[in-house]
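The structures considered in this document are given below.
The following pair of complexes shares a single chain, subunit A, combined with subunit B in the former and subunit C in the latter.
Entry: the complex of A and B
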């Protein structure tokens, strides 16, 4: 019965020129966004390759600097785009793309797109994630708002029920018909992405394929929720106009107002220190010691005594190594503790803020869909934090290698002075980003996944069990 | 005519009162507006708090140094390497920040102020960092930035058209749905006046609500008191925007469709103008003028800086003196320390020039990108409106670009002062030290070109009128051809 009703509704949709035009428009928009996104990604990849090349040339041209001097000269790490960022750019426009890697300092990423754009950047991105989670639901709501109420107003609903068709089957038939339209859009989007990837020669790894499927799956589930709720509202409310207003307000609240209010609320609930306080606190800990009682000079003296004892000599000029390099590395390790403490606290606060949003996603499925969309595209805050962590690990390794070279690459002269050897810095490799598996995304976004599933069950239950109070006859008749 | 007006007003009032959804929509709109104003005010208070922290930090360092002058010592006893009479330490202890103070309307349109930094260190010896202003957000929660800010500008640009949609979508179209339009036309003395009054009333209701929010925002944030003319322009632009959407929706209604078709058209316009067009323009312009990985800037900040600092000073000496006619090479051979300081200063000056060059290039590229975005302005009313409000509020990219230039000017100012003191070849006295921070002419507000905002508003109104005339003309043509009302 449901299948027959589904076919009937699809036929009715096929004869509705407005709906077909909307579907065509949505599909064209999705294709266009994917194509432009792929083009932008290609240019970004070229830009990144050129930047890496320039930076590498500068690195290899270093001459006349000590190993620690090279640590100050530093390097740059360039953030790669996620292969699925063409589908959902996520937080990428707001996060820095370049990390300065140098001794003594953990630098946050800089040069974000948002840093050089006008306020246009606040008006959303033209990508499939935005279209599927923001626009298609609105179009579906505007298509489905009169799906039942119109039949009631024309008397068709009364006829169908009188003929023994269960009301819930009618609602399921209509819901599934609109969901089929959504699946058509999601399927076409994924197919177009795969085709574009094939054309550009990029092989799809199994992880990307899984991510792509989950991306499409999460959006399909969200659209199912939208469709079920829209059809239920259309059935429950006495007239089409009221249904339209309820759906418009609901969409507005869930997709536009609540995400912003939740983000504001979370930042007020778990406030971040201002940049100036953050930097001041780090500088203070860096110079005074983590517990505030261990001045830097005392630590340096301690290390010197340890090294002298270790090598069994009494004077620094008798050491077979360069004490400067060892001191720098010890200082670096102490600095790393400070960075871990402060950046760790900051990341923890951000994680709590996101936790608030994840909790609210149980009230607002849009937040769940958006979080999952970004996560599966590899463009959410957690993926960005992972890039920052890898860049920082690279910095620590690089500076350790340089400080070790500073300590050991040389010989002690007879006059006790340290004679540095010439070092070929070109042998030190560049940063390589290790992408995260889909398990990483799911591990951080399970609340959103759970929220989406609960919403699917809830809205399905509304259609299945909540038909008792649905009026069959319109009030005007 | 008067009785017609009164009866329509009475009818519309009854329709509003009897529709809980419409009342709820208006209530939600007002609540959103109030929340937005409070959120903006909170943001600005945090902004002001940061500036106060900076100011107290500057004051603390300066007073520490002035204390040494009073005690006639060159620095603290436990850090004997510090010598306040030397330019390097004078620069550090004459601590200063180039800051961008919030404009009176900043709380109503926070624009980019949560993405960009409003301050930078002014120092001639620690490297100019104008681009450090661009990315404080990377330390924060980027997902919050992605969600967007909730200020009054957002409520007016985004939510107001939706409220108008909810109040307007069945004006006239409901009569068509019920099949009583012909009756209405025959029973009304002037169908045109009837229609105009019907569409005007929801617009007036929305304009009143917007007015209430503007007055509330103006009083709450003190904008009316501190800058009435700016607030007036802000309000005029907002009312113009209400009118623009009113005209657009009236044009849709005048096309003579039923309520569901009208609603679909209206929501299509809203999606198009508030979501799709801005996002598409960003994507298109971004792909034409991409923001790459800032190679030119990173090259200057690293490779070229090292090249200058490790290079021979002779390379920069001639250009240094030729660009500063008031300074000449020392006639007596300075001591080793002074000579080294002078060489360093010449190199820092050369580096600052490089930073200024690359900054100008980047600014030029940003301006080109904004010009490309502006060329789509006629189909991008939500952005044009938001951009105008942010410019008035001093929180748009142009304001931050001015601020960035202000930072460079401040650093240049500090550099020239230090050069002057260094070339005196005598220790820096207290009065000279104070002169380094006494003229803080870099403390700037964002610029607020009111004319630009009004011009943009006027051009949008023209475009709206053009669209409206096309839509209503097609309706009249169809009515003439088919005879269907």
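Entry: the complex of A and C
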């Protein structure tokens, strides 16, 4: 019976020109956003490749600099775009995509799109993830608000019920029909992404395929929730106008007001230090020691004594290695401890902020859908933090290699001065980003996944068991 | 059988029905007369289970409508004052759809026959109902309700929008349904049709049953006089 009602509702939707126009508009918007995303990604990839090439050329052209000098000369690492950032840019437009790597200094990522593009990006990225979670639900609510109330007002609901059709079957038929529209949009989006990817690149990896599937699946579940609740409100409220008002207010609260209030609340509850304070505190800890009682000069003297003892010599000029390189590396390692401590605290604060949002997502499925969308697209804060961590690891490896070269690549002259060998820096490899698996995304976003499933069950229960108080005749009788 | 026992229903402060008791036996057509707001449509909605009574019981063919509405509706045919159909379907597609929802299956020939019997012109059977007049939609509604072969049939001013010929055909059809063993309750303002098709007529006023009449013992004009007299004495 539900299938018959579903087919009939689809025919009803097909015969409604306004609804078809809305679907066509939504589809065109999704295609456009995907195409814009793909173009942006292509341009970003080209820019990144050119920047990497330039950095490489500069690196290989280094001549006459000591290894330590090269450490100060530094290099850059460039954040690659996630293959699915065309679908959901997430936080990436607002976070830096270039990190300068050099000795002694842990630079934050810079050159964000939001900082360098026009002010349009500040209004939010025009991407499929945002359209699916913000715009399509509104269109669905506008389409479904009168799905039952209109039938009640025309009397069709009475004729259906009098034929012995249970109300819940009518509601399921209508809900599933509107959900089919949603699936059509999500399916077309995924297909267009796959086609664009095939044109521009090669075959999708299994991880990307899984991510794509989960991206579409999570949005489909969110749209199912929207559809079930819209149809239920349409059934429960006595007239179409009230249903439209309730759904519009609900959309505004869950998609606009509550997410912003939650973000503000979480940052008030767990405030982050400003970048300047963060860097100042790190510099101070590096200088004075993490506990404030282990200043740099004392640490250097301790290392000097250890090295002399290790090589069994009295003077630095008798060492078979360059003490400067060893001191630099030891200082670097201390700086790494300081960075780990501060970055760890900062990361923990961000985690707590996200935890607040995840908790509120049990009240607001929009937050759950947004979190999952960004996570499956590989563009949320957790994925961004991975880039920062990998960039820092690359910096550490690079500086360690340079400091080791500075300490060992050379010979001691008779006058005690250290004679450095000429070093071929071209053998040092570029930064390579190791992308995270879909398990990483799921591991961090299970609360949102649980929230979405709970909301689906709750909405389905409303349709299945909440029909007792649904009026069959209008208030005018 | 259609039966209401001491049924009361109010909408907020407005008492729509006061302890209404009615019985319509199988094979009988009961006419429900009364002015606007007398409680006729409320009675029909209670019988169809669209509304819940505040007190009293409503029974269709032995099944309590409040306790078991789906089962009760499966034994009931219903024709509203304004029949709503799927406008993008033809008359036959509408009949096919509503019949299949009720678990019935008819051949195309059978459906065409039912529509024609309900008064629809054969050339209109395959037309979209969005092009239909109110009377034509009413005829499709009649075909849908009667094709259930239900034990009870309730009609809420079914002749509304029908031309005199179609109204007469409807009266004949209602009679046929009753003669086949169904209990029929018909709310109407049309005294002439009530006289034509009803075995008994009751007058509702202010939610109360105020008079019961045997229309066969009166001419249509006399029936009107009785009705108007009752209205004047009631007001």
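What to note about this one:
Note that in this section the second predicted complex is superposed on the first by the 473 of 477 C-alpha atoms of A that agree within 3 Å, B and C clash if a C-alpha of one lies under 4 Å from a C-alpha of the other, contacts with A are read in each partner's own complex, and residues count from 1 in each chain.
Here, a residue touches a chain if its C-beta (ideal position, glycine included) is under 8 Å from a C-beta of that chain, and two chains touch if they have at least 3 such contacts.
What you are looking at is a predicted structure, and each value in this text was computed from that prediction instead of being measured.
By the document's definition of touching, of the two partners only subunit C reaches A:156; subunit B does not. Looking at the superposition, the partner that touches the larger set of subunit A residues, subunit B or subunit C, turns out to be B. Of the two partner chains placed by the overlay, only subunit C lies in contact with A:165; subunit B stays clear of it. In the superposed model, A:472 makes contact with subunit C only, not with subunit B. Contact with subunit B, but none with subunit C, is seen for A:50 once the two complexes are overlaid on the shared chain.
Once chain A of one complex is fitted onto chain A of the other, the partner contacts of A:11 are limited to subunit C, with no touch recorded for subunit B.
In the superposed model, A:184 makes contact with neither subunit B nor subunit C.
Within the superposed three-chain model, A:1 lies in touch with subunit C and out of touch with subunit B [touch as defined at top]. Considering their complex, residues 18, 22, 29, 32-33, 36-37, 39-40, 43-44, 47-48, 50-51, 54-55, 58, 61, 64-65, 73-74, 76, 78, 90-91, 94-98, 100, 108-127, 130, 134-135, 138-139, 142, 145-146, 240-242, 244-246, 248-249, 252-253, 256-257, 259-264, 266-268, 272, 274-278, 280, 346, 350, 353-354, 357, 374, 380-381, 384 of subunit A touch subunit B. Interface of subunit A with subunit C (complex): residues 1, 4-5, 8, 11-12, 14-15, 151, 154-156, 158-166, 472-473, 477. Put simply, subunit B touches subunit A in their complex at residues 21-22, 24-25, 28, 32, 35, 39, 42, 46, 49-50, 53-54, 57, 111-112, 115-117, 119, 131-132, 134-150, 154, 158-159, 162, 165-166, 169-170, 174, 259-261, 263-264, 267, 271, 274-276, 278-284, 286-287, 290-295, 297-299, 302-303, 306, 310, 362, 365-366, 369-370, 373, 382-383, 386-387, 390, 395-398. Contact residues of subunit C toward subunit A in the complex are 11, 41-42, 45, 48-51, 70, 73-74, 76-78, 80, 82-89, 97-98, 100-103, 141, 144-145, 148.
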